[in-house]
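We just call them A, B, C, D and E in the order they show up, numbering each chain from 1.
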Amino acid sequence: MALINPKKELLKIMKLKNFFGGSPVKVGLPPGSLEVSADFKPEKAKVTVIEYGKDAFEEREVQSIEECFQSRKDTGVEWVNIDGLQDIELIKKLGENFDIHPLTLEDVVHTHQRPKTEDHEGYIYIVLRMLMLNSDKGINSEQVSLIFNKNVLISFQETSGDVFDLIRERLRNNKGRIRKEGTDYLAYSIIDAIVDHYFVILESLGERLAMLEDALMTDARQEMAQQIHQFKRQTIYLRRQVWPLRELISTLERNENKLIVKTTRPYLRDVYDHTVQVIDSIESFRDILSGMHDIYLSTISNKMNEVMKVLTIFAAIFIPLTFIAGIYGMNFANMPETKWHNGYYYALLSMFFTGIFILGILKWKKWI
Amino acid sequence: MALINPKKELLKIMKLKNFFGGSPVKVGLPPGSLEVSADFKPEKAKVTVIEYGKDAFEEREVQSIEECFQSRKDTGVEWVNIDGLQDIELIKKLGENFDIHPLTLEDVVHTHQRPKTEDHEGYIYIVLRMLMLNSDKGINSEQVSLIFNKNVLISFQETSGDVFDLIRERLRNNKGRIRKEGTDYLAYSIIDAIVDHYFVILESLGERLAMLEDALMTDARQEMAQQIHQFKRQTIYLRRQVWPLRELISTLERNENKLIVKTTRPYLRDVYDHTVQVIDSIESFRDILSGMHDIYLSTISNKMNEVMKVLTIFAAIFIPLTFIAGIYGMNFANMPETKWHNGYYYALLSMFFTGIFILGILKWKKWI
Amino acid sequence: MALINPKKELLKIMKLKNFFGGSPVKVGLPPGSLEVSADFKPEKAKVTVIEYGKDAFEEREVQSIEECFQSRKDTGVEWVNIDGLQDIELIKKLGENFDIHPLTLEDVVHTHQRPKTEDHEGYIYIVLRMLMLNSDKGINSEQVSLIFNKNVLISFQETSGDVFDLIRERLRNNKGRIRKEGTDYLAYSIIDAIVDHYFVILESLGERLAMLEDALMTDARQEMAQQIHQFKRQTIYLRRQVWPLRELISTLERNENKLIVKTTRPYLRDVYDHTVQVIDSIESFRDILSGMHDIYLSTISNKMNEVMKVLTIFAAIFIPLTFIAGIYGMNFANMPETKWHNGYYYALLSMFFTGIFILGILKWKKWI
Amino acid sequence: MALINPKKELLKIMKLKNFFGGSPVKVGLPPGSLEVSADFKPEKAKVTVIEYGKDAFEEREVQSIEECFQSRKDTGVEWVNIDGLQDIELIKKLGENFDIHPLTLEDVVHTHQRPKTEDHEGYIYIVLRMLMLNSDKGINSEQVSLIFNKNVLISFQETSGDVFDLIRERLRNNKGRIRKEGTDYLAYSIIDAIVDHYFVILESLGERLAMLEDALMTDARQEMAQQIHQFKRQTIYLRRQVWPLRELISTLERNENKLIVKTTRPYLRDVYDHTVQVIDSIESFRDILSGMHDIYLSTISNKMNEVMKVLTIFAAIFIPLTFIAGIYGMNFANMPETKWHNGYYYALLSMFFTGIFILGILKWKKWI
Amino acid sequence: MALINPKKELLKIMKLKNFFGGSPVKVGLPPGSLEVSADFKPEKAKVTVIEYGKDAFEEREVQSIEECFQSRKDTGVEWVNIDGLQDIELIKKLGENFDIHPLTLEDVVHTHQRPKTEDHEGYIYIVLRMLMLNSDKGINSEQVSLIFNKNVLISFQETSGDVFDLIRERLRNNKGRIRKEGTDYLAYSIIDAIVDHYFVILESLGERLAMLEDALMTDARQEMAQQIHQFKRQTIYLRRQVWPLRELISTLERNENKLIVKTTRPYLRDVYDHTVQVIDSIESFRDILSGMHDIYLSTISNKMNEVMKVLTIFAAIFIPLTFIAGIYGMNFANMPETKWHNGYYYALLSMFFTGIFILGILKWKKWI
């Protein structure tokens, strides 16, 4: 893998829309309103339903959202996954059917929420950010909202494509205990999958950081300072996502709501530990990046010192010699030395020894 | 949009009066006194009254403050908005009529309060800072005080012009639930409108920051350091306004006072989340600004390195050559080389090869 | 107002005796001992007594401290103010008469206490630091101790001259509610007057800071770095006084002691808010000062860059030209060009074009 | 001991696998799964059993894990130590036999856990990191897991080789009280041995730091900046291990679980104090390292100043002299001085005095 | 007093043994073991006993430790002071006689404890660090342990020589209340004497800091950076001692143990306040030291700027002039100017005006 191109890196970051303080609401709208910005084309959302129980499993894509209201069985869990948030009608219907607070729906639709969990009557709401590494080593970021009650978990994503394939796999093949547990365990599994993916991103970041560090040790080029800055920005971005996530999971673990059964809590504790580890890594990255900037600055200073030394050595040796040559270049009528037969050779010798003498002094002072 | 002119920027900041520790009281006056500084001309305040209920809405400008005492109806909410704080008589009358503590009135009049909320007998007092982007991309800052009891909310502003037009719109057109709720919801709406506007300011700041960052990547001019400093000052200013605001809203949400009904609390929680997001953005800005200063410094160092290199290359090549020319410029009678037929050409050749040799060394040492 | 002279500034700071860790006790003495350092001449303290009630007011200077023991009336408040702490006998008599703990007396006399409040049996003890701007814009700092019970408040100052004139004025003219309240309100008034004066100092500091900032934008002279450092020291000094003050007032407000009546608490809350604002300002100053140092460093770097550029331009143009001149200054017998009729003019032309060429390159590389 | 080779140092650090955010789980596996990464060859683990009581002691290596299930006696403690975590079958059997939660087993097997303790039904789980100095002064890091109930303590290590020899020694020779105590005291002894070894590492680090500091005082070479950076990274790494360890021990000490008997608590308090001391040392290292970087930068700046001074002195003296020589090297027909009999000597004298004069000025300005 | 010699300073610090993380225990020994390191020669400890009560006072040096067990009287306090910790036998006997926990004895003997207090059955254990200024202005550091029950206080020091002479004086002369109080007051007196001595050290540090600051304002020499670094290290060292001390005293003050009587608590509060003041001073020192480093760096930069300016001025003036001289030094046959009668004078004039012109430009650009 080649070194990182700073311009390209910059573009990757810029793809993280609204890095600089995206607004979590549409300014000026009444609270709880669902209108999205005008440049969002109201694309139809893709709705996938997975119904499962200890012994059952069914997976299908539905055309109209009403289908998944009807299909709710008495036993088992229904996981409704919605890709795309522009279909306001669909979301309103969901809201009415499941009795969701307008503020929750607003948070689902406006995609710059800070990770948080809210305890509402009849359901728990969780919003967090799913980060994925794209083919270009850039980070794709997407808001994921989870709403779950006793039987149904609805997950909202901005676009299709997610990190939940392994959960679906486990559901299909009845691997692990997931089919035996309720919606709370499913919610845990989704959060766990998202947090696990943070490690993938950290590892990719760590590898590129190590490469940059190695490069810094041998040379310090202008673009490296910019790369360090880009890494810092990525770290700042990650930090903003992960610190509230930690709070979220801790709140969830201590939640008294009976929607979260006792046996799920150790799992939440486990994912909490992972989040703390992500935070530890990010903080280490910050410290290392600041150390790398120090290295960068001192390498530049050292290079300048080297350049100055060369200049000084050349100047210190040749300027005096040129002066001597200048003396004997003067056109005075009476300059006895110039008449001597070996005057020229004496002059060359004196220059030679002057040069040696100056070199000696420089060496003695440990300049060369 | 052109790059930011640092002088102009500076002026914008200076408009934020008393950035450096404005005094929240008139030094030496007895506490609770309402006298304002002498250079405030006692302009008449503009008083607007909006009365509304589920089915009623009336909006009017009143000439004498007494009118709004009389007009209070049994049902519905009365919103008295006062633009201008120099009319001490008016404020005194309000204070007497609504039984407001003299310290509250003092805080209303002296416009350098830290955002806070106070729970008094019969009313809740809130003071915070409304920030608006003026036509020049500068920030206008104004103190807004809210006093509300069961039926009446009085809002005080320094000058006319505010960010509440969308609230009035919603009241007029009975949009959302605002007409169905009490004074607490109105207070929430006002705080929410102010906090929403912080995002507008953050976005403007973010855009200009991104532009400066781009410019820094290609060049580092003296004024950029000053712009970074200006941005830092703006960030410091914003921080000072938003951190206490967060505390304010949190206090309000946990307030046991029955003036704040239960259904309003989720909305306060919502605006609290927004405030935390504003703080997150500001802290990110700080980190990024400090990174930008690092970039700036390293760009300067790199430029100096470049300059030094050019100087050194010129000096390292031409000083020795000039020395050789100097040698043969000496006027010794006996200089055999000068007598040779091709001596001149040999000299030129030796200079040429010396130059090539030095260039080679510099290249070999990766200097060029 | 001229720019600040760093030497003079330094002296001002040095007047803040024992900036570096003054000892709050005389090392080695038994705790509670009142002996002061030997170089304090036991000057006689000046004792002023103000007695007041709702309708009464009397103000007088007393010669012997016993007078103010006798004069205590049943109703009203007695304010004994003592200027000068060297009169140990007087302080001992006070201590015996009012039953004051020896540790309290020790703290009163040794003038490097950290601001604090202590709840003793029968009285409340408060010690804090009064800062005054002297005629020279320097800060005078003095320790003020307050001891008050139900009827008497004793205030101790290091020297005469204080910021309480406006309180006396209000007492004399029965302005505000001060004559209607007890010793706790008087204590509050004194603290309030001291905190209010902090704003005066902050404003003076802020003005000078803004001047320095303006000067920095155009030039960076050596003494400015020193001024920034002086301002930092002042800020550090202020911080050390104000942070514990905040704690002090907060402790006082939450104090269950019945010496502090309920109606005084909102006033304490008010002065608490002011203290928090002072802290906010000081923290902003710190941030701005650190930004100013950054500006300073980058201005110096830029200036050096400019100097280097000029040097490089001169060297890059004239060193090659001098070399050419050197070539034709050589004394070879056979140098055909020197024999040409227009050789001299060709040489001048070639120098001219070489110069233009180098200039062109420098311009092309955006060096000039 | 020679100075540290930065390249070699770097390698040592890199041996700390996954310094950059190693993942504590295998991404995508169901929670509680024990599969390890494919490149782990399922080596057979080495199982050692020590059984002891007040008067008994037996130590043996077992071939099949079932042996240690049978051998459990009614009295005394059984310490099962397992070197190697690739033998999943063995760990599963242990899990079943001792009724261990699958999440615990997962944590045991995946070796990037953050130090923590967990209270499960029937046993306490502790995971922490054992650091050892290898022969090369590098740090070897290994995860140690402890699971203990009333009678059995199982310890898991990544490879053989540990810091517990002194514990075994004490068990064999019945030194101290360890044979008289239960599993909780054994767990404490293991933690204590690990923490004690941190001091060994700190001392080694401290020695090398002191050497680097000494070297910095006399010279500042490029590789020293890199060494400082390496030390910083080591310090960051240590910090990440020790801060959670402190929490771990504090949790353990306050644990209400009856598996930890009252008399063991003072010992836990003791090891807690040691951990705090380790943290203190690490924080001091950080401060000192940041100070060393400052020293490094200022040494570089000083060296550059020295170089510049030499250059300037040479240039300031010889450039004017060469100019004078140049004047008399001009070929004007009418240059009276050149005709004077002593003109040459006058010229030499004037050069000499010019040189002296310039030297004098430089001396006077304290340049030399 | 002359400026501080950095080498000598360094040595002073090094005398603070194990600055870098000294181990508080002997690694690998069973907890509670008393063996000291092998290079400690088991010198005999010096035991001094002071017995006192309201009216009694006796002071003697004892030869065998058993003497002080016998001499315990029913009334009054016995203070046993032990200088030297190598006499393990003696300490073991003390431990048995006074029923001291082995961990306490271990902490007494191993001299790198973090300041702490422990509440044991029958006695309170306090360990802290006594700092003394030696004749060389260096800091001597010694561990002091206090163990006291109702009647006896045992103090352990590493070597003879302490800061308790004033306490003994007060005991002898019955000055203050110390003879009337119990062991808790004696313990307080010892802590107070130690903390008071911290002020002595801070004052010495402050004085030397102020001197260095003054020196920095006029010049910036290489060794000053090293001195700043030494001061930083001293500050870091002091911090590590004082922060836990504050915790220690606070724990002691809030201790419910009846060994600490109610009247002693205000005195503990007093020494707590002093500790906070020491911390304040140390934190101020840190801030000021970091400011001094900034000053240092900017002074260096300014000096380099000055040097560069001189070089540039010389080069900018004389290089062009030398070039002109070089032109007329060329040997072309046809150079009309050289034939002019006044050509030489014109050339000199043109050089003169060129020089003036360049000087003018430099002046105009504010370079000189």
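Quick notes
Here, contacts are C-beta pairs under 8 Å (C-beta built on N, C-alpha and C of every residue); 3 or more make two chains touch, one makes a residue touch a chain.
Because the structure is a prediction, the values reported are computed rather than measured.
Residue numbering shows that chain D and chain E use the same positions for less than half of their mutual interface. Per-chain CA centroids place chain C at a distance of 42 Å from chain D. Centroids of chain B and chain C (each the mean of its C-alpha atoms) stand 26 Å apart. In chain C, 297, 301, 304, 308, 311, 315, 319, 322, 326, 329-331, 335 are the positions where the chain touches two or more neighbouring chains simultaneously. Traversing the ring of chains that begins at chain A and proceeds first to chain B, the chains occur in the order A, B, C, E, D. Note for the complex: chain B touches chain A at residues 166, 170, 175-178, 189, 192-193, 196-197, 199-200, 202-203, 205-207, 209-210, 217, 266-267, 269-270, 273-274, 276-278, 280-281, 284-285, 287-288, 291-292, 294-295, 297-299, 301-302, 304-305, 308-309, 311-312, 315-316, 319-320, 322-323, 326-327, 329-335, 367. Residue ranges of chain D in contact with chain A, taken from their complex: 6, 10, 14, 18-25, 27-33, 101, 103, 112-114, 116, 118, 222, 225-226, 228-229, 232-233, 236-237, 240, 293, 296-297, 300-301, 303-304, 307-308, 310-311, 314-315, 318-319, 321-322, 325-326, 328-331, 335, 337-344, 347-348, 351.
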